[in-house]
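To keep things simple, chains are lettered A, B, C and D as they appear, and every chain counts its residues starting from 1.
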Amino acid sequence: MDPALRRRLERRFGERLTGPIRQRHDETELRIGAGDSGEVIRALHDEPEFGFTFLADLAGVDTGTTMQVVYHFWGASTPDWLRLVVDGLPRDDPRVPSVTALWKGAEWMEREAYDMFGITFEGNRDLRRIYMPPDYQSFPLRKDFFLADDAARSPGAGVRHMEQTHAPRNATPAATIRRTRA
Amino acid sequence: MTAMARTWGRLTLAGKVIFTLLPILAILTIGLIAVVVLFGGAILDFLTTNLWLVRFVVAITAVLLMSIPTAFLIIYMEMKVIALMNLRIGPDRVGPFGSLLSVVHGLKVLMKEDFSPTGVDRIVFTLAPIVVFMATVMALLVIPFAPGLFGQDFNIGLLYFFAIGGMSVVGLLMAGWSSFNKYSLLGGLRSAAQVISYEIPLTLSVVGLLLLAGTMSLNQIALNQSGWFTSWYVFQQPLGALIFFIAATAEANRTPFDLTEADSEIVAGFATEYSGMRFGFFFFAEYVNVFVVSALIVTLFFGAWNAPFAWPWPVALNLDPGSLGIGLLILIAIVPVIATLLLAAPFWLASSRVKGWQALVMGFVLFNLLAGAAIVGIAYIGLDWVAGLFWFLGKTYVFVFTFVWMRGTLPRVRIDQLMGFAWKWLLPASLLNLFVTAAAIAVVAPR
Amino acid sequence: MTFIPGLGIVKGMGLTLRRFFEPKATIKYPEVKPDIPHKFRGRLQLLYDEYGALKCETCFQCAQACPIECIDMGGIDTKGRFHVHWGAPETYGERREESALRRSGRTVPDPAYAHFEGIDPDPVDGILEEYDYDPKRMLQILEATQAAYGHLPVAALKRISHATGAWYAMIYGTASYYNHLRFERPEDNRQAAELAERRPTERTFLTGLDAALAGGPRDGAQKTLGAKPN
Amino acid sequence: MTTTTRGRKGHASADDPRVMLDEQIGVFEPIPPYPPRTEREAEFYTLRDGEMFINIGPQHPSTHGVLRIVLKIDGENVVDLDPVLGYLHRGVEKLCENADYHQAICYLDPLEYVSSLFCEWPGVMAFEKLLDVEVPRRAEYIRVLSSELNRVASHALFMGWMALDLGGLTPILWSFIERDEIVEMLASLTGQRMLFNYFRIGGVNGDLNHEFMSRLGEWMSRATTQIEANIGLLNENEIFVRRMRGLGTMDSETALRMCMSGPNLRATGVPFDLRRAHPYSVFPELEFDIPTRTEGDCLARYLVRLEEVKQSLKIIDQCLNNMPDGPIMAKLPRLLRPRPGRAYAGIEGPRGQYAAYVVSDGTDQPFRMRIHDPSYLHLQSVGLLMPGHLIADAMAVMASLDPIMGGVDK
């Protein structure tokens, strides 16, 4: 835990935060909206008081109600991991600016998030599916995905009632989807 | 009529061909018998006057027959030697120490389906392995295995060798082009570039040797190196021998110059689409080629069939078994029995637990071993071609082992390094070798 | 790298030649068995107690806990009354989802199998009675069931499984093996019907039974399929 | 060959290729068979004069798994490339979300099957952070000890593959002998040779035993000399060094922008090692160096890994000397229900930063399990390193980055 980092972050991004800065173990969590993410990440990367030059991870999260993009940074200025949660993306059309201008290596991580969650990263020049076949329709890591629906629709697969097992006919999605306040 | 037509229609293509050929063959056989009966004497006369024809046919047959066991042997060597260097055991199941595994491989490729993939150019695809194999086997014709034991003594033997060696690249190109596969195409083009580049240093490196020897006949070159091992050409042409060895490695597509079949880059090169006996031909050709190249290195630089030392005393084995008369017959009948009994006696006397028949078997085996050794020894001393073959094959397999050893040790070079090495280093070095040799000859022994 | 060109290569050749004579690492497997570590987990075996009885009580806890569901077991329950088995792979999905939900503290949305459409069990009971609950005559049972319902409902398959004692997986395998057996009503699964139309070669193997099930006479079926009499 | 099925007599067999072909072979189907989705894809799949595509994989001797790379080549020169992933995709993250916390660990093992312990560790560490578990010190030491052994095994295999992709047959077998000894040793500790499944939430599965210790001691006594002898075959070989030096060069700025980590980043001169940069476990108590090189080429990556092996041996030695006594598992309830929260844990593996981000919703299953694998990001940079080199070099570059497809396709 690094309270100095917390103070610095509050001072710099105070009005942009959509939630309190949380600190637990060796992690500091920052929560912003989709509109601010580009500027905030650039500031974290460029400004010497932060200097988070190492993008440790980029992940999409489906909370069941909204979409998130979660970045993890490492910088020499603090012993903590910095977690940046871009929160409150709509589930039907989640969009965030890409960070490929700062970290070209984020391209594939963004592609993966697009493939698994359908999150569109504006500015990624090569945003297409990476794991799933190109004609695949759905986004497997979303919470409303139960089994491989496309696979069951493909010719030769005789497992249609298996598919229904995982999306029960008389159960409304609201009762089945797992959701949390992440 | 319809039944016949239906039968004909059910035959496969091969069946149709054989069915057509069989009557013709029968008629030809009858004709041949008639010719032999009628003109047998005349033909015999012709053959005795033109003995070179008989010699040629026999040589071709012998070379073809020996190429397959040679390939088997070298394939086994490759498997076993590399395995031992890898700290593995290698083949050890079929035959003693797994030595029949390569034979089993040969039978396996024979039994596989003769398969050509969709889209290949069938004719060229089928011809390519034959061209490669024939080019390799034909080179064996001029190798002098022993005094008097060679296919053909051309006075341009070396030139013939290079010409035939250059022909195999045509086969590789044919295979690469006709396979309808990009890996094959790359492999074929690589082999063309590589073999053509390395032909030049290969040829130039022996020019100095030719100046010394004054002949291109391999037989004559072998004769020039008789006596002690100091008269081998490697001591007069060390640089030439080194260049020849390196260029020959590239010519035989062996590691570290095996770019044509670099399995980690272009899957199997020109042989990617081949299977069964067609692949077998490539495979055999590669290993026969290793033998040919080693044999040529031995012939040119390492004294061919000559022993490294001159036989210190004059040998005059004048055995005339006929002079013994009836004694010979008695000797043949009695000596084995007596020798067996004599050799069995110590075993029988040594331990009471050894049964009589066991001692006799041991004695017989010992006698056979001794007799075999005696016969081989006498043959080595008495027949110079046996001694020559012994030394020639021994030296050749040392070089075959070296090739295998290099394959077990070295990684592969890159294509641009390969070409750069040929043109920037080997070619100037071989030219230097040529000039130095010529100058030395001009200074030491001006005509 | 040294300044003498080729020295590294020569050194490497020397090393391989030395290794050529060194003892080898190969274990000649069938003759020589490698010594397996004491703690090795790859060996699956059931342990016996000192009286020679199996220690396993068939509590299925291991099968339930196995995350990749590789444990498939059967036995007699602790009271020695029933032969029980932990289902075949096809049933894992169903069982798995419910148990997972239950364990995670959420409500299970449906009782087991309730989301399959219900059927009138009388026809299938009659068929089972007719075939004497004989699992060896599974194909006839399934064909008769399909004739009765028009397709093979899951509930009917479950009922057949319970009544005949055959595993659901085996019945499912039998049913999915034959082309003329189907799991959906033909009108529900338009795609499967289209697919079947596009595969004329396979349909030539259909029997008269299928033609009868499809509702047409035998000759008519042959005519539409275009199969020529030989 | 313009045969049609209609013109032929007799029965058409399904095996006859001519039945399937109604036009002449020779025209390739356009790749891809669907319209391009991005500008980059459209640009890549447009051929200029003299260029052609060649598929490396998914079945190819040197793709280290089922990877397919579409190379655009001009003669032997690689112009551009497009890696195609997903042949080994199992959806491990989704599987973990449907398993409870104990079960999820066993899904992490097969991610990188040559260094399984490093895949378990971040997951276990993240779970421990969620549960606020204090791991006993002995367990931490055992973790460090076993994982450093696994690092040596992984790097040994890397050297073999590296040589094999350059055409050398022998080093791969020697390094497999080395790896086999370590793996047998770990099998006597963990119970399995490859997918160890050894780390548990709050500790490890079993204590050190006599068999493991005797094997380890026997191996440690000759490990250094044996590894030295093995690498002598490659390190001094002119052919090897000439092929590797100056190949696939990357500077430190680019490496950071490509999100690289581990030896590949250290080969460019950045001394970034999570064991020091973000200390975890007992690494602050251990002494070791972070080997770096500044060249950033394939040879540097190779040599950095060699140095790492020596450092690992040093760490193993210290672990054995400092091994404390005590329990190997923390006291934990059988059913784990962490309170809702998020945790991130990253460790330094043989290939770079392995990490896991876990979201808990208060049930016994992770709500979201994100697995971060370095191979994925390193494989991405082949697009930067390969173009301009030859096909043969493309393989060398890929081997030097050392991606494992099990981790790339999660």
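Note that a contact is a pair of C-beta atoms (placed from the backbone, for glycine too) under 8 Å apart; a residue touches a chain by one contact, two chains touch by 3 or more.
Just so we're clear, the structure is a prediction, and the values are computed from it rather than from any experiment.
Closest to the protein's overall CA centre, chain by chain, comes D. Comparing chain pairs B-C and C-D by the number of C-beta pairs in contact, the larger count belongs to C-D. Per-chain Cα centroids separate chain A from chain B by 67 Å. Computed centre separation for the pair chain B/chain C is 57 angstrom, with centres defined by C-alpha atoms. Separation between the centroids of chain C and chain D, computed from CA atoms only, is 33 Å.
Centroids built from CA atoms put chain D at 46 Å from chain B. The multi-chain contact residues of chain D, meaning those touching 2 or more other chains, are 170, 174, 177, 233-234, 237, 239, 362. Residue positions of chain C touching 2 or more other chains: 9, 12, 15-16, 19, 25, 106.
For chain A, residues touching at least two other chains, in rising order: 178.
Within the complex formed with chain B, the chain D residues making contact are 9-10, 17, 21, 25-26, 52, 54, 60-62, 76, 163-170, 173-174, 177, 233-234, 237, 239-240, 242-243, 390-393, 395. Of all the residues in chain C, the ones that touch chain B in their complex are 9, 12-13, 15-17, 19-20, 22, 24-26, 28. Contact residues of chain D toward chain A in the complex are 32, 34, 37-41, 85-86, 89, 91, 93-94, 129, 256-261, 272, 277-278, 340-344, 346, 353, 355, 357, 359-362, 367-368, 370, 372, 376-377, 380-381, 384, 409-410. On chain A, the positions that touch chain D within their shared complex are 24-27, 29, 53-57, 59, 61-62, 70, 72, 74, 76, 79, 81, 83, 102-109, 112, 116, 125-135, 140-141, 145, 178-182. Within the complex formed with chain C, the chain B residues making contact are 81, 84-89, 92, 405-406, 408-410.
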